[in-house]
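What follows is a set of structures for review.
What follows is chain A paired twice: with chain B in the first complex and chain C in the second.
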Partner chain A sequence: MGHSGDTMINIARDFSRAPAGRYVTDGPNSGERFRDQILIPALNKKDTITLELDGTRGYGSSFLEEAFGGLKRAGWAAVDLISRIKFRTVDPSLVSEIHSYWR
Partner chain B sequence: MGVGIQPGAQYAFILPAALTIAGWFVVARQAERREFRKEVRDQIRELREGIDEVKGRATEYWLEGERSKLPALAIALKAELKRLSRLVAGLSQAGLDFDHAQLVVDIRTLATGGDFESKKRKRSDLGSGLVDQSQKMTVAASAMAEKKTAGHRS
Partner chain C sequence: MWPAAKGRRRPEFAVIMLPTEISLRQSAYRRLTIRACRVVRETFISDGRDVLLDFSRTKAIKSEGMLLLYAEVDRAIRMGRTEQIMRCKLPTGQSDEAQIVRQVLEQIGLLHRLGATTKPPAAGDNDYHESVRHWRYATGTRVDEKPGDVLEKHEGRVAPGLMQGMQVGLTEALINSLHHAYKTARNDGCSPFNERRWWMFTHERAGMLNVLVCDLGIGIPRSLPLTWDRDLLKKLTSLFSGAPKHVAAIKMALVLGESSTGDEHRGKGLPQIWNATAASSAGGVGILGGKAYVGLQSETGAIYENQFSTDIMGTVIFWTVPVESTDGPLG
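The block that comes next holds the complex of A and B.
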């Protein structure tokens, strides 16, 4: 856990080392399930979220778009998402891609 | 009559010594430039190979007709994209200034967007997008490398 008001989520540890697919119908590690079962509950109860993206076998854009782009479609404001969700990763292209779904 | 010593003759060794030291600096600088250019050339070559790998893996994934083979092909493609991202970041750290993150995003989106890893995924031919994007990436990196090494030459 991070400091008070901050939730630390490590995708590899707290969700899956093999995130894959867009919808729940595509498999148990889909972007839709990650969004609905991990991200939205964390956004609903905490001030900020720190997401550790490293440690998985990689991400497809379909997963990223559904998990993170889906937050915007679900009604979260881009400015709110950018200020409340922080990322930890050695791959800056992942953060660029996720932010592009919020613009 | 004794042999007279020219005034200032005791300092005559200074000029050859200074020229020798200057020569060492020039040689060291040239060696450094050669090394830098070699390093960048190697990285560009690796990047080209990495892009070819991604194209190959993406082609395999999107053209595969047998559904049971798709998970393994998808994992292989994502692993290559991770490697590509590391290679591009390496070029950026070497001082080649281009929008590396966005180029990786564009390639990843083309290769793994849409119905990637989805039950709705249909076997299809690759559009020209991935090829165009990867060519753009290689050209951008090569151009920056050329500019950078030219700077080092001057």
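The block that comes next holds the complex of A and C.
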């Protein structure tokens, strides 16, 4: 599959200011929907993704685990994810938590 | 206040007397409040009768007791037949107590939920008592923008770190309810009702913001063994062996959520709320689950715990944090 370039995703702007929940059945802004409708299409199109995490009401573990941990369960290699998804945030603990789901 | 019964059958009400204080943390009133909830279920849902909730003797309403009662009433109406009727009788007279009870029941929308034609007044836009006018109520079956919106009106007046902790803790607590509280039968004597619902109050008074969330699920003591590894629970049980069973279950839920070693990193909502509140300069947090209560006072760090003889058959979590007054910064 041919990838090209980098894409920037601002979660607050491009997805929701209130990301919450694990599954689509939990609510409209779930980690499952973010993964399936935003992350995976971007990974399929682009070499790298820069995710702007700031600007939302915060992230619960259920959202983060399903969105990012779910990528690993879907078959993406951790080393690939670490090299292709970059984060911009003032809160480094968010990045640590996301990386923990890829170990 | 109630719509005319023109063209409808004449209701035959079963009267359910509410206690003088609706509360879950004072043993005698807790027993009566929980009894009223049970009778609502038995009478309205199981027996299919019309019900009159009689608040005429009620003099005080504690928010956690009211939220549980409201949730039971709301759920009963959803479960009941369309033609069934539930009404309430308000306290009469001009005493402060009677007026406040009437105002609370209107402000939180219970009267409207019971079919009254009057709608609850907008908060901050009425002349209700200062302790009443900022009550807000919400309910839902999913976690969308709504719960956060309720908090957002306080944004800028709650310390930013605390607000974010509350937003995340609130949504995670609601997700916990949706995932764990309704995992199996509630065993409340009613036919199964496949709806995963949460109920919520917020209330601002005297520079403090109170948030309460409730579910009518199986409660923490029953949900823990369904959620977490049995060996892990056994190890933790020994840590809390001195505590009554349901108190120990709540304490274990706090530890398990924090450690995140369980299935799919579940259950962080409780410790997120607990820790955000504990770090605050004032306020507190409380968890009512099954027969137990575990609470924390932020100023002193004191932890309170109690196990009652009665089970709320659900979970109520409440926390209080300081909000900035309109004329000064947060302390």
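Assume the second predicted complex is superposed on the first by the 99 of 103 C-alpha atoms of A that agree within 3 Å, B and C clash if a C-alpha of one lies under 4 Å from a C-alpha of the other, contacts with A are read in each partner's own complex, and residues count from 1 in each chain.
In the analysis below, contacts are C-beta pairs under 8 Å (C-beta built on N, C-alpha and C of every residue); 3 or more make two chains touch, one makes a residue touch a chain.
Keep in mind the model is a prediction, meaning the values are calculated, not measured.
Contacts of A:41 after superposition on the shared chain: neither chain B nor chain C is touched.
Of the two partner chains, neither chain B nor chain C is touched by A:55.
Of the two partner chains placed by the overlay, only chain B lies in contact with A:92; chain C stays clear of it.
Once the two complexes are overlaid on the shared chain, A:27 sits against chain B and chain C alike. In the overlay built on the shared chain, the residue A:69 is in contact with chain C alone; chain B does not reach it.
When the two complexes are superposed on chain A, the residues of chain A that touch both chain B and chain C are 18, 20-22, 25-27, 57-62, 65. Here chain A touches chain C in the complex through residues 16-18, 20-22, 25-29, 57-62, 65, 69, 101, going by the rule given at the top. Residues of chain C touching chain A in their complex: 142-145, 148, 152, 164-165, 167-168, 171-172, 175, 178-179, 260, 264-266, 268-269, 272. Residues 71, 74-75, 78-79, 81-82, 85-86, 88-89, 100-102, 104-105, 108-109, 111-119 of chain B touch chain A in their complex.
Those residues of chain A that touch chain B in the complex are listed here as 18, 20-23, 25-27, 57-63, 65, 90-93, 95-97, 100.
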